[in-house]
Amino acid sequence: MAIEGIAKTALLGVEMGMTLVLVTVGLTLIFGMMDVINFAHGSLYMLGAYFGLTVVTVTGNWWAALLVAPLLVGLLGGLIEYLSIRPLYGRNPLYHILLTFGFAIMLHGLVTEIWGGQVQNIATPSLLEGSVDLVLFSYPLFRLFLLGVSIAVTAALWVAMRRSDFGIVMRASAHDSEMVDALGTDVKRVFTAVFVLGSILAGLAGVLLGTSRAVDPGMAASIIIQAFAIVVIGGLGSYRGAVVGAFVVGMLNAFGPTFAPQFTDALLYLLMAAVLLVKPAGLFGTPEGA
Amino acid sequence: MSVKDIVGRHFSARQQTDVLSGRVRVGLFVAGVVAVLFAPFAQAVHPFWMDLATHMFIFALFALSLDFVFGYAGLLSFGHAAMFGAGGYATALLIQNATTSALVVLPMAVLVGAAVAALIGWLSVSARGIYFAMLTLAFAQLFYTVVFNDIPAMLLGLEAVTNGDNGLVGITALTLFGVDTGSLMAYYYLSLAMLGGMLALVTRLANSPFGRVMQAIRENEDRVAFIGYDVDRYKIVAFTISGGMAGLAGGLWVPFNSTATTAMLHWTTSGELIVMTLLGGMGTLWGPIAGAFLVVFLEDSLSAIGNWEIYLGIVYIVIVIFAPRGLAGIFRTVRSNPDPRVLLSKARSALATYREKVFS
Amino acid sequence: MTVLDIDDVDTYYGPSHVLHDVSLRVERDEIVALIGRNGAGKTTTLRSIMGVTPPKDGAIRLHGDDVHGLSPNEIRRRGISWTPEDRRVFPDLTVAENLQIASRVTADPSNAGHGTSFTVDEIYDSFERLDERRDQRAGTMSGGEQQMLAIARSLVGPPVEVLALDEPSEGLAPQIVDDVRAMIEELNERGMTILLVEQNAHLALELADRAYVLETGHIELTAPATELLNDQDVLETYLGVR
Amino acid sequence: FGSAGSSGSDSVKIGFVLPFSGTYSFLGESIVNGVKLRLDEQLDGEIDGRTVEYVRKDTGADPATGASITQEFLQSENVDFIVGPVSSAVAGAMKPEIASSGSAIWLNANAGNFKLVQDNCTKYHFRTSFNTWQTSAPLASYINDNIADNVVLSYANYTFGQQSKNLFREEFEKVGGSVVDEIGAPLGTSDYSSFLQEIENSGADAVFSFFAGSDAVNYIKQFSSFGLNEKMTQTGSGFLLSADTLQAQGTAALGMYSLLHYTPTKQTDRNQAFVDAYSSQYDTTPNVYACQGYDSALAAELAVTEAGGTETDPMVSSLAGAELDSPRGYFKFKSSTHDPVMDMDIRQVVEADGGVQNEVVETLTQVEGPTWGCNL
Amino acid sequence: MATPLLALDSVTKEFGSIRAVDEVTLDIPESEVTAVIGPNGAGKTTLFNLITGRYELTDGQIELRGERIDQLEPQDIVQQGLARSFQITNFFPDLTALENVRLAAQAQRTGLTPGALLQHYDDQSETREAARDVLKRLDLLDIAEEQAGSLAHGQQRHLEIGIALACDPDLLVMDEPTAGMSPDETVETRELVEDLAEDITIVIIEHDMDVVMRVADRLAVIENGSLLTVGPPSVVREDERVQQAYLGGETA
């Protein structure tokens, strides 16, 4: 492959990976803190896209959708946490699988009911149409924007987590939330905040990817397993792991079709299996029960 | 002496600590009798009830296989579809190319399921908890892509083995001692017998010295090694046994639908299985059977409505919030307080607890 | 002046009734010991005070304000701090992070500042072992080291008006037990009122001004500590000290 | 449970074996709409004096479910017609049930797999839709003559995609064109960018593709956003650019060619009447699936009327070789295969007010596929 | 002198830069009680973890009856006759007391055979009797059918010992068996250890000097990972270094 080809594929990998981070960060934060395996996370991402679609249809303004839709998803995520996950704290976290599976199914039906099953798409804002010449090759402007937003959000969160005690509170709560509470931190509020934040990020990813990709009720299922795989590869509950995992999978998606065209759909699972066989708790995770 | 006494005495000779207590055994026995009598009744009223019931039995068997490793030994497998599919495809290929005899086909389905499980189990046991689940998921999905892309055909240079996304279709019925099992009623009884037999076997396993070790592993894996057990070996054996049962369920499923398809292997099948198990009440053996019955029934009866998933989802959500231990928990509460007034007040207090937890 | 006033408290674990009309009172700057056999309900009393296992009935007042029904984090921020039994350090977090969880918390406005607390640096000055091991994961520390960390963790954060210690000497080497004894006295001098639960009745009674004896969820008797220390009958009946 | 009991001699019972949940639910609903437009609206719910009854069950995308619903409809509901399914895999599972039962006519309203006809073809199977050959191969000579003599193939890597690609390739090489490369992407791929790079690297002048549904939207949007539309001409089977995805593809699809048997914008009186009726009933323009549903209803209508009842074998005889007055233009069930012989449109995406639409650039008349050895 | 039952030869364990156990060489003679004492964090529990196969040695070797065991997995070491109880109670809370003990007894008697898969566990009369004997010895027989998790703390600690005992060990290593016990329970435990010492070799970690002085035939003192001294209690307690490092004001 020529040098510009490799460079372009690498950029593609970075872009695909960083965009996935928006989805995986929420998933990993929610897991890391609450031990909640959130099957509905993909559905929140999907709702981001559909809310975005509606806002664009109503206002005709893509930027309004970018702002409003994630907040709506955040609100909904908050409601879900408040009304259904909160009463389950202290129970075997396995039951969250059942709960969030229920939400995933319900939201799938609901979205089909409200917006219909046909494939839709959010129109690219005119400001971000076209391509940019990057010397070696040209690249769609919207995708660069996507990359920029993802990097900015990832970095901002990273700084916020380092600066604040958020990450520590999260890890401590995963282990013993009662003790964290007794030491003076309102764990329930933090939980809700984490869930809302995770939902907002998923919603944001929904609007952004709903613009460069198809919007249909199947989009939730198609992202959730990939997102889980990434989170597991990185190590559950680890922010760094979610970012690195997404990056690795992005690269895999980018270079896979070139080097192993017959096996592209198996690569993700091969990678996940390989990582877990060598590091049974993912790249940056701590083994359960240890 | 009433039947109940005889049954009760026979089944409850053992200690209270047995898996499936005497009371539950009586209940299961009665349920079994009802199931046996149901077929002629259905035949007279609406024969397709038998079809639905058979569907329930097969998934109940499948759910039972998961509960054995998950509810009982604490190994959350997110890859049981692999064994279900392996047993199913083995059955389809045998019926198409070799024999329709159930006495050959079903044992082979068990063996193939067990072999796949042994491999996956062997590779996965070093991971724990969710990581174990994800590792089994990864292997199952790999298996799915192998079947979906018909890699065996590619390797063997044949035109088709698994036949990719079209699956293997037109699989004829099994024969048992030369008798065709293709009728609704024959297959109903065959599946019921398999479910009953496997439930008896699993109960036995659970109450065996081996079963006790599995239970210990679920509770405190770390300590089990320090009293002298090779934990990984026990886990692999349990996973293999469970895989054999899942293979059997797959082996029954394929002739029932006359198809073997990739959907059997997809992660959503594993996910649905976990839902059945949790909904029914994990670790009780009979709970997941009830869970499978409920899910199959709901899916069948709701599927004539548009966007029926909305309602199915709501049912799951409500059950998980208000019935912490699933159907088994509801059943236990009802049994211990048969008085409707007490039950009503229980329900009210469940609502109050909910309100308190949410709004405090 | 009464700092902590517990009035007719009844606490349940699910259906089982564990504390029966427990009442006790702690005056400012006192050290009060709560002693009794295993399973008497000492830990449950502390859990009730902290709101971790909220009592069904009764009142818990922190200098007059009812704190019953508040959540544990609010109670901590108002000035009651708790060192639980069994340490309960966060095993995956480092020593420094374990302390940070507590030190990050800000006081409630009603925490009038009668109490005091430690900064993390002061902790490192007083606990040399923790200072050496700032970045070690708490789960890999020895039993005794974890116990020190658990105590240290309850000393940082918002000012501590009442310190509720549950078996602080458990698993400590004799020499360290001496250190803990000295430390409790020092804390008391610094202005913390102390509610001490101990198996080691001698240690508790030597330190305390007054003691309550708890038996199967009832307060059996209360007396000045020195009196109890010399009452062999009571020691034997309620505490099994031979 | 659906309503039990058999349909009386004075009713016609139709069973829908279609997806009503999941990604394909939109297709399922469109087919039902098409059927009901004819039978309920235009015929007032009666064929030849017999009331029409319906039963429906959701197949999802699962062949096993499809087979078991079919069984139930045949044995317990005693349906006269089975309409469906959407997916070819489901059709494969249904076929043995229908062939062995022989108690109903199967109006295959979407599944195009040619193998349904190739292996053990059954006389109860009437395709009111198309077969894979028809939606791919006939485009070959048009491309070779008018667009480019070399192409790269891209397709969704599953039976349907592979068939379309293979049938096209065969025909394209036969008419003298050359295929530079083939690129398969897994079904359900959401980001095609690295596949697109491979396509670009192939250096071909045109692309022939098979993608459908959300895959088609992702592929086309991304094809254009990477500027490939300026370097090569995109062509494909009609599902790549069909009415149901075109809105989402928008201007990214401009100038692209495709081949399909139904185009809502086709300027014929027959079609206009259908479009008007459909639009006024459902408030939306019909798509190819709706047309297939509508034609299924026409077939049922014809079968019952001609045979004077719902006896299966007489209905088979009256349908074989019969012509339908379809909105797509010429339509006849070929006697030897029961596959349609029909007009196929080559369309190009052009700008229209408020969006884009397909414009027919050429109509291939009475396109007939191979018989694959089937001789009914 | 005959070969010691257990022989540690310059056993060393490092965690990163921390030397938790530093070249400990120590022989455990048969049928004696050896108490390991030392300040918190001295390395006592780590030493036990090395002996019982939880950690791998950084250096040195361990022999049981003259055969190396430092490469074995925990379960194999138990099968060789070396069992342990834990500093923090570590059992099966949802099982009954009897089942807890029976599991351990079973491990020595039943392998992973078809028989073990299909037999009813209660039909293994030998295992059951062995388990009951252990409970009897610990005076826990009357709570045999109660859930382990619901037992009183002291009973749980005794059960912890019972599980180790049911492994039928020749050498029993106990990590702070009296931790968290009330004075009278501590006395009971001490008497139990004395009773066990009649027929089993014991190594015990204990902070309660009263217990240590009464049960131990030998004291091994560890400080900062190294062995400070070994010897009879009467000698060791007079050792000035020991008083300074460990005993503090409690020498009286």
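The letters A, B, C, D and E name the chains in turn, as written, and every chain counts its residues from 1.
Criterion: contacts are C-beta pairs under 8 Å (C-beta built on N, C-alpha and C of every residue); 3 or more make two chains touch, one makes a residue touch a chain.
Small disclaimer: the values here were computed from a predicted structure and weren't measured.
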Chain hops separating subunit E from subunit A, counting only touching neighbours: 2
Chains touching both subunit B and subunit D: A
Chain located farthest away, centre of subunit A as origin (C-alpha): E
Chain whose mean Cα position lies farthest from subunit B: C
By count of C-beta pairs in contact, the leading pair of chains: A-B
Subunit B and subunit E, separation of their C-alpha mean positions in angstrom: 42
Centre-to-centre distance between subunit C and subunit B (centres being mean Cα positions), rounded to whole Å: 49
Length of the line joining the C-alpha centres of subunit C and subunit E, rounded to whole Å: 31
Subunit C residues counted as touching two or more neighbouring chains: 71
Sites on subunit D at which at least two other chains make contact: 21, 25, 29, 157
Numbers and ranges of subunit E residues touching at least 2 other chains: none
All touching chain pairs, where touch follows the definition stated at the start: A-B, A-C, A-D, B-D, B-E, C-E
Subunit B contact footprint on subunit A (complex, rising order): 31, 37, 39, 82-84, 86-89, 91, 94-95, 97-99, 101-110, 112-113, 221, 225, 228-229, 232, 236, 262-263, 265-266, 269-270, 272-273, 276-277, 280-282, 285, 287-289
Subunit E contact footprint on subunit C (complex, rising order): 37-39, 85-86, 129, 136, 140-145, 147-148, 167, 170-178, 199, 201, 239-242
In the complex with subunit C, residue positions of subunit A that touch it: 165, 168-169, 171-172, 175-176, 178-188, 286, 290
Sites on subunit B touched by subunit A in the complex: 76, 123, 126-131, 134-135, 137-139, 141-142, 145-146, 148-149, 221-222, 267-268, 271, 274-275, 278-279, 282, 306-317, 319-321, 324, 353-354, 357-358
In the complex, subunit B residues that touch subunit E: 14-17, 204-205, 207-213, 215-216, 219-220, 222-231, 233-234, 237, 241
